[in-house]
């Protein structure tokens, strides 16, 4: 790897990470725009105001759920990029596509809080989350391909374990989508089950390094 | 502490700080969206426009108060992270939870400016602020636990003093919540009293290093 | 180049890049504000909700197209600044002007999704994109002028190739504007043609280093 | 200056700059929210759409003017912080106060574009700008006080020249406010005159180093 062609092909991660963090931060903050008092109408007593705030509980729930989802997607992004050493043009566009689905989360969240009585209202947030995860996994497979050509050297031995974790998470995301017509956002609890399973699988992988 | 396991367990602070700064910046900027002229109706003279702007004073007050609160929470975040050397997964989620309450501040601010005649309008901003502080303190206790396993070495001797400061601030936050039904946002002046008290307590702690 | 005047004349790129990344991130995220359910009216069945979501397809298309455009402009910004070593006051203002057109993209996108039946609705997004690119190219010409006074030393030999790529892209942008009255956003497919042409031209340039 | 007390008293600039850049970026991007087609009503021909877009010219003007103002304030922030080595708590709060007036610019801009027929509509943007500049200058005076205790060593000889520039700019800001009732946003052209004057004054200062 001579230096000159490297400069032409690869990108330092600094700006990719900055841009990503800013997109996540804005998406997380836009969620609050759904919490609005415009539908309150005229308030003329304390009881009415508490009642109206209480009637907003589906919005608060949706805000909480989406905040946790965005938090999880961000944690998985920084975990992944901890192992990545450099970007190429493919990784840049995979990351851009992933961020497109991050940006959509405030929209699909607003569907949940307004239309959770209908299939589309319940299903589209899990679908959105699934695509964001799928693009995260595509990013990982690309970085780990060709002998881990975009990975840090010290991350390469651990790459198969990351792959197991990614695939388990994606399956959990698919199960969430499948359950969401019945369970709505409760379907995300699938991840409370998949996390420990993934942990066990990753440990078994490490215990059998020759696998 | 060998290097390989460290890489697996800990996260560098760079992206946590970037993400945090962006969330604070957006929350601070969204406050301005409450300052809107949509309720002005038809304006047909200078006097009317000044009158309408004057009638917005609760909104300007709320904007000012929340800007100072966000500024204070941000300053306390950078003071705290000056002493922290690395993040683990618990600290990441404590930080995410803290940011969730930062993101809520534009919403609870809009309650103050529109419904300060009612309990809920006066109390929820202090409650929001209290939770943001409580999660800040939880972050600190976690970082300082296990012999300060997430702290910088040079920060460890000073950790008890930071703890005193944090607890004093949290008590002030609780007093603010308790006073806010009567005093509204003036209750935040509690911090004008708690600051000097905390300063004195921290100095006394330093004067008696064997304590 | 003695050190003292350098300090007075030049700026480090760190903050320019941070500011740029944040502007891009916010512009990309604001695109989602056009995806709104306010026009849905009363929904009383699953079929209606799917129908209304389906009726939003021009908005989804516009969201997708503008996300790709912003992604492309951002990738070209980081590619360019990979070759730039420092900023001067002219480059700062060229960058500010470029960002002004980035900030406009959510507005011209809303024109596309609402008024694609009319010339102005179809033409103004390509025009906006064209100006953003033109200012990007002006940035490059300025940085490469005076023997590449703002370029990294290792980037100087490659500068003519970057110039060829920039000019080809600008011509493609002009063709897009010219075609957009008839083709609307499909006119952006011009870039699917211009990319490979530009690649060939840049390779030929490299093959004849004495040119 | 021993190392331990330095850590307790001072803050590294990284996060202050990140936070500042993000606030500027969001304020600049929020300006586009004033460019909205909600007032267009029903459009049924190309001519009508062009007419409605043309009728938005005060909004476009206000967008352009405020973008240039924000750009100028940002350039002056990075010029200033190029000379600053570290922050203390006073500088943090001066910076927070300065950002409060940055955040207000989208609001005062909306006044210009909607109410430029009235005094308040014309005057409040220049007033806002004046306060942002005044806090910028206060930041500078604080950093340069006590023998430049927050300045970089290599910036200290040049500090008086920066001070001259700051004061000239503030006077220009005051003149802008004074002229704005008659000239509206054209009053900002004062800076086209003050810039060169400031340049001459700074050069004279340098020519007489013993002054």
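Letters A, B, C and D name the chains as they come in the text, with residue numbers starting at 1 for each one.
As a convention for this text, contacts are C-beta pairs under 8 Å (C-beta built on N, C-alpha and C of every residue); 3 or more make two chains touch, one makes a residue touch a chain.
Since the structure is predicted, the reported quantities are computational estimates derived from the model, not experimental observations.
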| item | value |
| --- | --- |
| Centroid comparison with subunit C (C-alpha atoms), farthest chain | B |
| Interface composition of copies subunit B and subunit D: same or different, split at half | different |
| Rounded Å distance, subunit A centre to subunit C centre (Cα mean) | 26 |
| Centre-to-centre distance between subunit D and subunit A (centres being mean Cα positions), rounded to whole Å | 37 |
| Contacts with 2+ other chains: residues of subunit B | 18, 22, 25-26 |
| List of subunit C residues in touch with subunit A within their complex | 17-18, 21-22, 24-26, 28-29, 31-33, 35-37, 43, 45-46, 49-50, 53, 64, 67-68, 71, 74-75, 78-79, 81-82, 154-155, 158 |
| Residue ranges of subunit A touching subunit C (in the complex, touch as defined) | 3-4, 7-8, 11-12, 14-16, 18-19, 22-23, 25-27, 30, 89, 92-93, 96, 99-100, 103-104, 106-107, 110-111, 114-115, 118-121 |
